[in-house]
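Heads up, the next two complexes both have chain A, just with different partners, chain B and then chain C.
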Partner chain A sequence: MDARFVETLTPFLPFLHGETITEDTPLRTYGLDSMQAIELMFALEDSLGVSLPDEALVEETFATAGNLWAATRAAQGADAVTAGTESV
Partner chain B sequence: MPETPGILPPGRDAREVLAGLAREGGFERLYPDGPAVRIDAVLLRRLLSAADARGPQGLVLALLVQLATALPLLAQTASTPVAEKALRAALEGQALLALAATDEQAGSDLAALATRVDLTVADGEDGAVVLDGTKRWVTSATTADHALVLARHRPGRHFTSFTWLLVPLGAPGVTVRPADTDLFAASGVGHLTFTRCRLDRGHLLGRPGRGLALFARNIAVERLASAAWGTELCRRVLSETAERLAGRTIDGTPLDRNPAVRQRLAECAVRVSALDALWHASHERITGERDATAAAVLKAASGATVEHVLSACAQLWGADGFTAGGIQQLRAEAALFGIGGGATEVVLDTVADRLVPLVEGLAA
Partner chain C sequence: MSAPAQAAPAPAGFSSALSASLRAEVDQVAALAARHATDHDDRAEFPLAVLDALRPRLLGLLVPTRYGGPGGSVDDLVDVTIELGRADMSTAMVFAMHCQQVAAIAGHAGPRLAAELLPEIAAGRMYLASVTTEAGKGGHLMSARAELGARDGLLEIDRFAPVVTGGLHADGYLITMRSPQARSDGEISLVFARRDQVEVAQRGTWNPLGMRASHSIALQLTGRVPEDQVIGEHGAFRRIAMNTFGPLAHLGWSAAWLGTASGALARVVSVLRGPERSRSDFSSELLLTRLSTARQRLDTVHAMVRYTAGAVRRAVEEDADLSHPRHQLLVNALKLTASEQCHRAIDDLVTALGMRHGYLKDSPTGLERALRDLRSAALNYSNDRLHLADGRLTLLDQEVRYA
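== the complex of A and B ==
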């Protein structure tokens, strides 16, 4: 998980209390409810310049930090491919 | 308090006013960067203030929903010919929109809503989606051309389970019933039932799974608009109440010189001033950054302020307040500020979620 991702995620986990975020960190346990997850999605999309694809818009994506990072990274790759295609 | 002339086009219902607004280029001024991007909150407040002065309150409600929420939401999601046509009509003042989020059973708990859209049919031969469910207390339900309907496409409370649809209110499978109420005249408030309502896939608004997220972004502006309306309503009622009390005497002394009356009016003025200050301090953050916490704070404050001011002023009107169309009716309608657009309990939950950063942000 890159630093920018972790930096964006951290404020949405009010019960983290200084613990290190790992790929296994359960987001709901650390305070991410459904409405907060919406704000987190927009924050990630804004800060990392990606758009989560339809298939990533499922509850499992927001279950752990690792799942969300994987979806974000995949979206970054997909967006880069799209941008490359469009520039041709 | 008379309506400021020239702000709001003529008309006693939302459809007339919106047609006039389009003719006068009002939409371009209201959405200077386009309706999908940003609304001019100060202009919106002036429009709502003029509508409040003209009345009835149902007119304000219908305009608020159209201008602050439904039209921007449609603009952000319209990507098919049918949705783009509806958007054009709305921007030409020729289409009235309803926003159908609140469900029959779930009320403000949108994550529990039961209205369901079956998207899997879209993979079949005719590319249709099928909608079932009931939405209650929908503004403009009986007068609108289309409803923007929030429905779930899969079970569960997670925010990714919901999708918006554009539903023509004359479509087969749609039943419209007026709400059983004497309040909110001209609002077109009613209930919508969808029974195996079959629509082609072009009626989907935005991507499946983004419905609740889009709602969260747009409801912030609706809450800002609601607080603007609440402030203007309080200001008008307070002014009219003070004027009435100044003209009534007991033993030759105007009522507004009675110390108890003066203090009660003053307390109302203090509360309205605080709400007005909060609105001005937060409107750019809400329209620009879609700050949900700021919108929730404002919504909670406006609900409490409107309830206090309307109750205090209604008491000061005495028995005359019960006249048809009088302040007691207005007071009943004003209870909406603690219920519509997210009940006070719901917005307080949002504030509680962000309590620490909110309080830290107040530091000098």
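== the complex of A and C ==
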């Protein structure tokens, strides 16, 4: 996952208590509620310049960090990748 | 002359393929519920005789055929609930909420639990109550305070719930609790408890404005159940709520409210056209307009109930994701619309008929009880809370597409 993605995601997980975010990290378990999901979506738009399409806004997308990262990457498309987004 | 071998045409009121014998059973139960409704309302008593009449076949309506049920659909649930609601809203609510629990088991329980429970439900031995309310969380479904204990392969339940419809008379409970060692209130498990696995203590009394026969008392449940009585897996409640609990609750409740208001309008028309009709001024534009408005409200709700039931059925058939905002918005809009419009329709009719047939308890229109019963609709999962959720969902559906 992209470092900036993880950095953007972290404040939305109040029960993370310093643990490392992995692809399997369950976002709801760590405190992402439906209000925060909207704020997170706006934050991803601001920090990564990516807008998740309406079709991606299902429960599954917000189930784990990996799912959200996959949806984010899909939305970024080829342009964002060639623009130098690094994977970690 | 022999009749061709084909299904009997569905009588008015039934849109689905419910079998003729099941339809006859619905009519019998509705007639029984209608006979008992005034007494149960007066005494705020649960309709035990009506529950017993529902047991032989109707409690198992949504049980799939492979488990011995009739494999009823969402449309069947709507049909039956509307018909029961015409007679008594409490009975319709009790039935619809039980079916919501059955759907959760049929759709999400593990194979062992499903194989144990579903045949029992089909045989009418298992009336299920829903335990989702909790003090201090403001009616928020996706949040739980009391945590399941986990010890020696058993789950420990110690749960207070302020509102459990029919809770004293249930044979089993589906209970939401914080998952064992949950990190947040949003990590919720749905667990089944058989009546003999938990101690059930009533807290307080039940003396409400309406829905009096639903006997929705406060309960304290304590006991231990095997680990495999979790529906789905720990933490799965959110998924179950989005795909099954929420849609079926809102469909079932809306059908109950629509049935209640439809029954009341039918009785109003019957009174207006009855022996006292010379007292009514059918040239009154006010009367005609109020009748029209009431009917318009009910046709609006009916169209929405049918459309939403179809959307939910198609989503289930196609294994589509009901968590998408446009699906959630439709299901929530149904609840908001039905709760407001059914109550408003009855309120209009009270105004139209005046003090005697609009307001007196013993009028054959039954408007007085219908108005009290339907006042609960906006509170039964608060419309205020639902509007907040819908506001958020609206922000997520930028393109404004419809389910």
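Note that in this section the second predicted complex is superposed on the first by the 77 of 88 C-alpha atoms of A that agree within 3 Å, B and C clash if a C-alpha of one lies under 4 Å from a C-alpha of the other, contacts with A are read in each partner's own complex, and residues count from 1 in each chain.
In this text, contacts are C-beta pairs under 8 Å (C-beta built on N, C-alpha and C of every residue); 3 or more make two chains touch, one makes a residue touch a chain.
Keep in mind it's a predicted model, so treat the numbers as computed, not measured.
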item	value
Touched partner set for A:58, first chain B, second chain C, both or neither	both
Touched partner set for A:38, first chain B, second chain C, both or neither	both
Which of chain B and chain C A:30 touches, first, second, both or neither	second
Touching partner for A:11 - first (chain B), second (chain C), both, neither	first
Chain B and chain C contact sites that coincide on chain A, given as residue numbers	14, 33-35, 38, 41, 54, 57-59
Residues of chain B touching chain A in the complex	111, 156-161, 207-210, 212-213, 216-217, 290, 292, 350, 353, 356-357
Chain A-touching residues of chain C, taken from the complex the two chains share	142, 182-184, 186-187, 235, 238-239, 242, 321, 323-325, 389, 392, 395-399, 401
Sites on chain A touched by chain C in the complex	14-15, 26, 28-35, 38, 41, 54-55, 57-60
Of all residues in chain A, those that touch chain B in their complex	11, 14, 33-39, 41-42, 54, 57-59, 61-62
